[in-house]
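Note that subunit A is present in both complexes that follow, paired respectively with subunit B and with subunit C.
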Partner chain A sequence: MKVISNDERASVTWKNIKTRRGKDGAARALGYLALLVMFGILASIFGYIMRGGATHITIQMLTTVGNGSTGGLLNAIVGTWLLVGVGLVFSLPPGILGALYFVQRKSMTRMASIMRMFTDVLTSVPSIVIGLFGYLVLVIRFNMGFSLTAGGMALGVMMLPYILRVSELSMKDVSKEQVANAYALGADDIQVATRIYIPQAIAGVLSGILLAISIAAGETAQLLYTASWNNSFTSGFLHSRVAYLTYVVWYGIDQPGQSAHNLAFVAALILILTVTALIVISKYVNYKRR
Partner chain B sequence: MEKIIEIKNLNVKAGKKEILKDVKLNIYRNKINTIVGPSGGGKSTLLRCLNRLTELEPNFEIRGEILFNGKELREYSDIEVRRQIGMVFQRPNPFPMSIYDNVAFGVRLQGNVKKEKLDEMVRTSLEEAGLWDEVKDDLKRSAFTLSGGQQQRLCIARALVLRPEILMMDEPTSSLDPAAKAKVEDLMLDLKEKYTVVLVTHDIIQARKVSDYTAMIFNGKIVATGEGRDLLEESSSDSVKSFLGSVMA
Partner chain C sequence: MAIVPAFVLLSIVGFVFYYSIPAIKFMGINFFTTFLWNPGIQSKPPEVVNGVLAPFGASFGILLFLLGTVVTSLLALLIAFPLSFLLALTIELYTPLRLKRGLISLVELFAGIPSVVYGLWGIVVLEPVLLNSVEPWMSANLSFIPGFSGEVYTGAGIIASGIILSIMIAPIITSVMVNSFDTAPEGIKRGIISLGATKWELGKYLITNYSRSSTYGGTLLGLGRALGETMAVLMVSGGLVNVYPGSIYSAINTMAAHIASYLDSAFFDSTGMNVAALAYLGLVLMGISLVVNIIGRKIAGRGVLRGYESD
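The block that comes next holds the complex of A and B.
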């Protein structure tokens, strides 16, 4: 065996340290660069929308109805929330129940893993495809017509996997021992769900809901096919067409005239602020939990 | 000695792995029945068979007979079994709620109980668990403010509130300091007046201190059974000796 002297060893170690420091520095520099690029993109989007939107926003825009290129945005703002609300009605119960199903004991079964896979697939179905499906099935086949219900359901399909998966993740954090303990005290599945899983995972579930809302509020494609547009408020409520903010962004920017462009920018600004606020709230809720 | 549980030819498999093999064991009423053995030997699984917590595991295959008060365990509902056979786990794990609500948890699962009645039940259980004097002034305090030893006694009170016939304890002192451990051990001796205690431990000294009836489990098999301390002092089996040797060394 070759004998290595202490001096040799020291020089090898020193070289090692130097290369490691070099690699470490390079990795850190790349990390900062990536952060800078990300932040730069985000900042330019924000800045661009702010410059286009903030300078043209008026009280009148927020308090009157419009047709997407002229007038105000009130019908679109209200419509967006109505659509999200109806979407929640269709996605929240199956989302929470599905999450409970996945985390409770059945989660190891083949059925559950197949369902879990389909949930993941659902997350990546393009919204235009959900829109097409919504149009052919809900609007035409089930004769709903372009309506708040059809639009809300199409959004619900989109929201479901987010609510389900985020809820499931936060329910997985609940200590297995506490769950076993509750069963050992004679709790049944429903009691374990309502007294252990849901109370302990509530912050995570809420942040999942907020995430789903913020994603749904920014959707356009499936609504074009299912909710259409309404120049005023939804008169027949669930059965009538409905306005929404993303439509104004999509439609307004395509119209001639500065006023239509301004409206599109303001709609985009409201959307971006709403989504940011929702994400900040969901982060805060999650932070409070810890 | 009166048998409260009779286990006959119990075999448990998790997937392909055999956890318990042909286990035959009696649990005696109002005694401290101790199951000793090295970690991973199947002690906890054996306990979980008795209150049917094993049924929560999706891939467990359980064969054999367990008679509880002379009747096959499967003929009771799982909830009924768990109310009559209480369990305390290895680590103290109170629920994130007040001391009072922790103890009342099991009772509230069964429906509404009058406040005076519930107060009385909570108090009795905390007294039996030797915790009442330490917490009586502040039952609304979060259970997490208690020390580890107090939390474990709270978990004992939480199991006792259902007035079970049997109290199973799965290495209840393994995460406690010596003083807290001694308290729980003394408590077991008090509890056997009213309850049947089944204790799982790998602590031979503890078993010697409290056990009335001991079974030694090794690689999923019961290798020796005997009354009191006799078994723990000496034994003919080599595996028992080697286990004793390893823990006594």
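The block that comes next holds the complex of A and C.
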């Protein structure tokens, strides 16, 4: 090995210092440019949606029902929340119980790591494939028809892995000693879950639920062929077709005429505000936990 | 209850496969090698081909949709990768610590914007810009590159889809990179700086050594998202069917967008072959998307749950 003297080392370090600093400066400038581009786009998206939405929003739009290109948005707003609610009904129990199972019992076994991988992979199934599955299996095979139930279940498939994994992550932070002590004092699994894991991890669990809701509220592709669309409210409730906001954005902007475009912008505004608020609250709740 | 996600995933794969069996029998390997998507003529009596009943004259080939998915996703990566690297580098090295959390949160906010909103923005902002200034300029000045010459049509198409997708996947790649820069041992980072390296050299070192696998993995995770993205592409792709895209300014269609746009007319096929063909297409899309995601996850050593770390 060649021995390098201190003088040589210093000369290597300071060799080309100008070009090296120049490169660093160029990288810094490009980096700031990238930040600027990215946040310029973010500002443009928010700006256009805010302007397009805020200038056309009326009380009438929020209080009457519509067909996606004319009328109001009340059926779509209510429908979005109904779908998210049904999605929660199907995804919350397996999400939280699954998370408890992972942290409490079999966190380290091979089986658990395979199950965990399946959970993660479920987030990456393309949403239109979930929609296709919902149409083929729920709507046709199980004879649900285009309905709130089918749409909600399709959303639940999307929400489940988020609820499960985020809950699990926050439950992992619960003190292992405390859990061991509880078992040593004779507590059973249910007591440990309800008295230790859930109370201590509640913020994380809540944050996961909010995240899942924010994702579900913005989804479209699963719903097109499961929930379909409904021009008003109908009495069938769980069995009837249902409207949702993302449909209005997609359908309205494609229709001729300013009023349909306005409706799409207002729907997008409501969506973007709802989703952003949910994400911010979710982050805040998660942050408070620490 | 922990087996529910696995059960759901396997039943999705199983059922989509089950429903695509008629189309697999009908088209076989030609599904991948032919180009025409012909739903058949419903007014004529259906015919039996390869042992399954199909509409008269029907033929299903996904070459165009495969091509569209690959081209738009690669274009998205081409834009998103350098952008993400620069973003990660800047957030990690060139911003004060106080601003760092805020910037990361803003990047994560991108991942939460619904895809129809991206689509809407693509239609009202991006397409006019492409149509009126960017694409005519490219057509006039870059026509020596193959595929860059030709007429500009509507602004919707390959470029618009690629740009929208790149904006959607950049946050994913950025967040994996930032995280891996963050978890690099503090000693290495300080050591490199104290030996006189510039921050750019530190970033270069991290990306080629410590964070290399995360970089590949994160890029694959972003690619996985781009492959499966439906609504935004559906809105800005122009919905090309049965025509070869002549140039980069052409409209395009992807596998996911085609399923979404075509399923409602497929209902009217009494033999069910049109729906089966879409199920086959869905199966192929899901297969590609899952493989890319699983490999990405393996390489990155972790997944991304929209800003929540998952190991």
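Throughout what follows, the second predicted complex is superposed on the first by the 248 of 290 C-alpha atoms of A that agree within 3 Å, B and C clash if a C-alpha of one lies under 4 Å from a C-alpha of the other, contacts with A are read in each partner's own complex, and residues count from 1 in each chain.
The rule is simple: contacts are C-beta pairs under 8 Å (C-beta built on N, C-alpha and C of every residue); 3 or more make two chains touch, one makes a residue touch a chain.
In this text, all values refer to a predicted model and were calculated from it rather than measured experimentally.
Trainee: For A:Met144, is the partner it touches subunit B (first), subunit C (second), both, or none of the two (neither)?
Mentor: neither
Trainee: Name the contact category of A:Leu122: first (subunit B only), second (subunit C only), both, or neither.
Mentor: In the superposed model, A:Leu122 contacts subunit C only, not subunit B.
Trainee: Please work out whether A:Ile196 is in contact with subunit B alone, subunit C alone, both, or neither, and reply first, second, both or neither.
Mentor: The answer is first: A:Ile196 touches subunit B but not subunit C.
Trainee: For A:Ile215, using the defined touch cut-off, is the partner it touches subunit B, subunit C, both, or neither? Pick first, second, both or neither.
Mentor: The answer is second: A:Ile215 touches subunit C but not subunit B.
Trainee: Looking at the overlay, what does A:Thr109 touch: subunit B (first), subunit C (second), both, or neither?
Mentor: In the superposed model, A:Thr109 contacts subunit B only, not subunit C.
Trainee: Which residues would you name on subunit A as touching subunit B in one complex and subunit C in the other?
Mentor: In subunit A, residues 106 are touched by subunit B and also by subunit C.
Trainee: In their shared complex, at which residues does subunit A touch subunit C?
Mentor: Interface residues on the subunit A side: 13-14, 20-21, 23-24, 26-28, 30-35, 37-39, 41-42, 44-45, 48-49, 52, 93-94, 97-98, 101-102, 106, 112, 114-115, 117-133, 135-137, 141, 157, 160-162, 164-166, 169, 208, 211, 214-215, 217-221, 224-225, 246, 249-250, 253-254, 264-265, 268, 271-272, 275-276, 279, 283, 286.
Trainee: Okay, in this complex, where on subunit B does subunit A touch?
Mentor: By the definition above, subunit B touches subunit A via 51, 53, 56-59, 79-80, 82-83, 86-87, 89, 91, 93, 95-96, 105-106, 109-110, 155, 158-159, 162.
Trainee: Provide the residue numbers of subunit A that touch subunit B in the complex, in ascending order.
Mentor: Subunit A residues touching subunit B: 105-109, 175, 177-178, 180-188, 191, 195-196, 199-200.
Trainee: Where on subunit C does subunit A make contact in their complex?
Mentor: 1-6, 8-12, 15-16, 19, 83, 86-87, 89-91, 94, 103, 105-110, 112-121, 123-125, 167, 170, 195-196, 198-201, 203, 221, 224-225, 227-231, 234-235, 256, 259-260, 263-264, 275, 278-279, 282, 285-286, 289-290, 293-294, 297, 303, 305-310
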